[in-house]
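Note that the chains are named A, B and C in the order they appear, and that numbering of residues resets to 1 at the start of each chain.
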Amino acid sequence: MIAVLIFMTAAVAISYWWLWKQKILEQPWLTEGTAVDNRDSTNLAGKSAKSGLFVFLAVVTSIFSLFISAYFMRMNLNDWLPVDEPRLLWGNTGVLALGSIAIHWTARAANNDSIATVRYGLIATGIFTSLFILGQWVAWQELVDQGHYLQSNPAATFFYLFTGLHGIHLLGGLWVWLKTTLKVLAGQNAEQTILSVELCRNYWHYLLVVWLCLFALLLST
Amino acid sequence: MAYVALADREPELSHPHSFITKYIWSQDHKVIAIQYGLTAIAVGVVALILSVMMRLQLGFPDSFSLISPSEYYQFVTMHGMIMVIYLLTALFLGGFGNYLIPLMVGARDMVFPYLNMLSYWVYLLSVIILMASFFVTGGPTGAGWTLYPPQAIMFGTPGVEAGIVLMLASLAVFIVAFTMGGLNYVTTVLQARTHGMTLMRMPLSVWGIFTATVLGLLAFPALLVSAIMMTFDRLLGTSFFMPAIVSMGEQSAYDGGSPILFQHLFWFFGHPEVYIVALPAFGIVSDLLSTHARKNIFGYRMMVWAIVGIGGLSFIVWAHHMYVSGMNPYFGFFFATTTLIIAIPTAIKVYNWVLTLWQGNIHLTVPMLFAIGFIFTFVHGGLTGIFLGNVVVDLPLSDTYFVIAHFHMVMGVSPILVVFGAIYHWYPKMTGRMYNERLGQTHFWMTFLGTYAIYLPMHYLGFLGVPRRYFAYEGIEFIPESAQDLNAAITIAAIFVAFTQIIFFANMIWSLFKGKKAGSNPWGSTSLEWQTPNTPPIHGNWGDELPKVYRWAYDYSVPGAEKDFIPQNTPPSDKAPETNT
Amino acid sequence: MPVAVVFILLVIGSIIFHFASPWWFTPLASNWGTIDDTINITFWVTGFVFVAVNLFMAYAVIRFRNRKDSKPAKYEPENPKLEIWLTVLTAIGVAAMLAPGLYVWNDFVHVPEEAWEVEAVGEQWRWSYRLPGEDGMLGTVDNHRVSAANHFGINPNDPNGQDDLLVTSNVLHIPVDKPVKFLLRSKDVLHDFAVAEFRVKMDLVPGLVSYMWLTPTKTGSYEVLCEELCGLAHFTMRSRVVVDTQEDFDAWESQQRTFAQSQQVRDPNAMIGSALYAVCATCHGAQGEGNLALNSPKLSGQSDWYINRQLQNFKQGYRGAHKDDLFGAQMAPMAAILADDAAIRDVTAYIGTFAHGDSDQSITGDLDRGKQLFTTCGTCHGKTGQGNYATNSPRLNGQEDWYIKRQLINFKEGIRGAHPGDQFGPQMASMSRMLRSDNDMNDVIAYINSLSNQPENKIAAITQGEH
């Protein structure tokens, strides 16, 4: 349970730090009368969406760190036979990183009001990400050809589980990407796309980091 | 989502007018809350009936029982799972959370209303899947609500054919629903508080629900992960949790897995789950006590710190459910220590509730009766928790009736008393009418005394060593005849309590049509939900302008003030409360 | 006001209930008096808090309840000094409970070196035990090796395992005043080894060996209960541990069979059996077809391990000894004619050669309801009533319904399965009580009859045997 405890410690620490910044030590009965406007009232929808996504990513992190904890605990039992990860994964990692760069570039373009770049950026993101998922699928086929089935060994089971789970999250991201792209192609202007594109950017970066962690974990064990 | 952002300036709400968009496919947090609440209570009634069937078997095994051992274990499982997840979690967070958060922090709605609506319908789907397991081959699973493998997915447990799969699927769907709702509750508290509503001005109800939601968002994934892995083991033949097993003389294909791994994952969810139910109850009961004692909650800061402290600690106590599970016994030292440490903030909360009553001006209304009834049962259940948390004391008591009595007292009776108190308290706001006082009082007395009569003696069966989850006890020498008599008495009390709830439903329905008109703020309460321009509040909650908050939520009996309460939105210069209706 | 009075009465009532309750811990029979001491400390501390908090609350309600002349409530947001004091006091109380708890737990975790080892094995739904034998060492085991012939899954190549003593009779003996370390192992699902009088308990987890230790301090016979839900018949998974003086224990130990002996049993001889069967044929028929007029059940098609065990039970007086079991009383002396275990196995083997013919069916009932009820029965007896040696459940399909009904009634009324020597009878006695009326029995028997009519069952006689 080490991995999930590290995550929980971090989550609790961040929450407490935030609470501290929110003046959790103050005596509220003494501050009577000051109508503090505690918010910057511009762009509330954007802020809500972003903090909603942040909280959602915390939930996803919890899921992944629990699986990683289970991985460590299961690994120590004596029937564990490590799987040789297909070399293709290195290529896939590169492609996913390119996808992340593309969406980052898109978000910058959206803020610079350059809708043409946004269009290209989104399409590039979609291509790279689809390539990654395709690559993962091919990697699965390679493993199956080597005789590593889902049930054959816990190491293989976890490999499919991790890559599959990560892939499902990317597919979810692609769905949002598709909606955004269709709107952009239908003629939305750059300012209207900022929120969607920035949400996609945060999500893509997050999933890249998750993938790097998972990949490192799979390689090292 | 968009209109919340613009709400301050341009209150252009699209008010739906047809019945269907208003009450069925509604995105209004208040309607969704009531949908959640009614569904949860309906499914809770099913679980209550199941418990009566179980009690009949235990009390009168040969004369009044209607069930077989298979059904007994199925009912045990469904009763537990429904009560913990589908009733209490859904009711406190989906029900009260949905209703109270936007009103109490001064928002027009949740920040993602569409997602909120989806959350309810997905929750309903999970309930339907769960109930469907009663009608499939083999019936629902009888694995116990903890669903421990290997037993949960091996032949020899009722419902292994389809029931367990439906249970796992239903849990996964529930978690999706909860996450949708939870994102809403958290983000609404983070982003949609009205002007002046600093964190430390929030009522404790919001604190409790907010912290519980954060716990739920972080802890439910553990249940999801274990459900996914168990589904793999059951359907795809993997061996996450399944070691080499000889099942009834036959070698199984499983090998190498660890049942204890499941227990760690399950309780990593399961213990925070206790606080997911308890923290909203703590918060709500604080507000009930303060309002009806006409006194500020004593030690507000300590109460907030205790809530967030308990929330943090709740992630490092899980293995106290596993002292006798066969895990490394050295863990016992750590988990006993953390568990007993968590007793300290909990005790502080109890002291502060009692000290809120001290030097108050106590109005013994129905919500107040339920609130102080809660203190009584919670003290009892909390203290017996110390027995079970203290690792060696757990050795003789674990898996006996003491455990049943303890967690029903602390996690069944206590939160349910708060639920009732809260329903009576906010009923005038939700319906605009007052409940019937006499029926309410009767309901309290019968429920409170009845449940105490059920669970106090049950602890003593546990001391004796009577094991839990036994269909029948005949032939066990150390259990005397008198224990069977006690069991019969407990059953009678349980049936009494079950029937008592009819009074509650009658009161709610009767008062909906015939209750006295309540007015907008019948209790003289300070928090924002009582200051809405309409009662019941309409879609959008606040009319043209969002309220501005000038003070904390507990300005009761302020010296020198005209009335004994000052609503949060009363500007400082003017000590008189605003009248909004 | 009434609420405060009721609280005070409830506090007083709870204290009275506590002291007057006849339901309290069973008399201690092990060294774990320290656990009882910790419980007592916990009781005093928590009891004090329970009384103090609730009485204070009741007093507050009485004194500060709203009356016509009530003063307004005091505006007192907090009182840090008081809160800190209360926190410190609580912390002291918690420490007073935790410290002895951890101290005793430390004892529990550390097994004394002089402790001897015994293995308790759990499976659905029975207990068996293994003692290390003369060399004091238990042989290695593996669930993959478990079979009808190797109940414990002992590695036959491990010399340490050859002299292990196997106790499959449900009753374990241990010597008094000698620390014992229980090694706990499960073949299938989670179980829990619990003896109320010993205070300690621990789960059995498949895939690993858990442990606990104790020193029995009082001779006597104590019940072992499974206290971790292990499936449908969880509540019938019981056993017994007898604490003996050293001499009694030695005498008992010397009678137990070693693993090596269990592997050297001669194959049964149906030829010898056929001669022995001549006596049986008078009532049960030449082909074991049974005879209602003589109250003799059908034997053909029944599992050999089951006939074997019942003959043993009749012979030992575990069955047929109850005063109301008139027909059992006729069988008991007949079984006694069989001289030894080998004779019993020979005659059983001969019965196994009989063709399994049709049975008379006279009982009718509601098949749907019977099917519903049979889901419980089928867990042990098999979904088609084919029987299973591993759950010690005889074959039901193809048996004559009058006999099944009579046995159900016997089980339910305590005529059969109540003898302490009958190892698995009590489980059936317990289960039979779910058939609450004559109709229930008829329905379930009618369903069993319908199972017999399915052709594949007639061929699929169960031939697995247990030695």
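Just so it is clear, contacts are C-beta pairs under 8 Å (C-beta built on N, C-alpha and C of every residue); 3 or more make two chains touch, one makes a residue touch a chain.
Values in this document were obtained by computation on a predicted structure and should not be read as measured data.
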Whose C-alpha centre lies nearest the centre of all protein C-alpha atoms? B
Highest contact-pair count belongs to which two chains? B-C
Go ahead and note the Å separation of the Cα centroids belonging to chain B and chain C. 36
Can you give the whole-Å distance between the Cα centres of chain A and chain C? 51
Computed distance of Cα centres, chain B from chain A, in Å: 31
Shared interface positions of chain B, touching two or more other chains: 256-258, 296, 300-301, 554
So which stretches of chain A touch two or more other chains? 27, 29, 77
For chain C, give me the residues that contact two or more of the other chains. 77-78, 207
In the complex, chain A residues that touch chain B: 1, 4-5, 8, 11-12, 15-16, 19, 22-29, 31-39, 41, 43-49, 51-52, 55-56, 58-59, 62-63, 66-67, 69-70, 73-74, 77-80, 150-151, 154, 157, 161
Along chain C, where are the residues that touch chain B in the complex? 1, 3, 6-7, 10, 14, 17, 21-26, 32, 34-35, 38-39, 42, 46, 49-50, 53-54, 56-57, 60-61, 64-66, 70-79, 82-83, 86-87, 90-91, 94, 97-98, 101-102, 104-106, 108-109, 123-124, 142-144, 146, 148, 153, 184, 187-190, 192, 194, 196-197, 199-208, 210, 223, 225-235, 238, 373, 375-376, 379, 388-391, 426, 429-431, 433-434, 436, 464
Residues of chain B touching chain A in the complex: 1-2, 4-5, 8, 111-112, 179, 182-184, 186-187, 190-193, 195-201, 214, 217-219, 221-222, 224-225, 228-229, 232, 236-240, 255-258, 261, 264-265, 268, 296, 300-301, 304-305, 308, 311-312, 315-316, 548-552, 554-555, 571-572
Chain C touches which residues of chain B in the complex? 61-62, 65, 68-70, 73, 138-139, 142-144, 148, 150-151, 154-158, 243-251, 256-260, 293-296, 298-302, 324-326, 329-330, 332-333, 336-337, 340-341, 343-344, 347-348, 350-352, 354-355, 357-364, 369, 372-373, 375-376, 379-380, 383-384, 386-387, 390-393, 395-396, 398-400, 449, 452, 456-457, 460-461, 463-465, 467-478, 480, 482-483, 486, 554, 556-559, 564
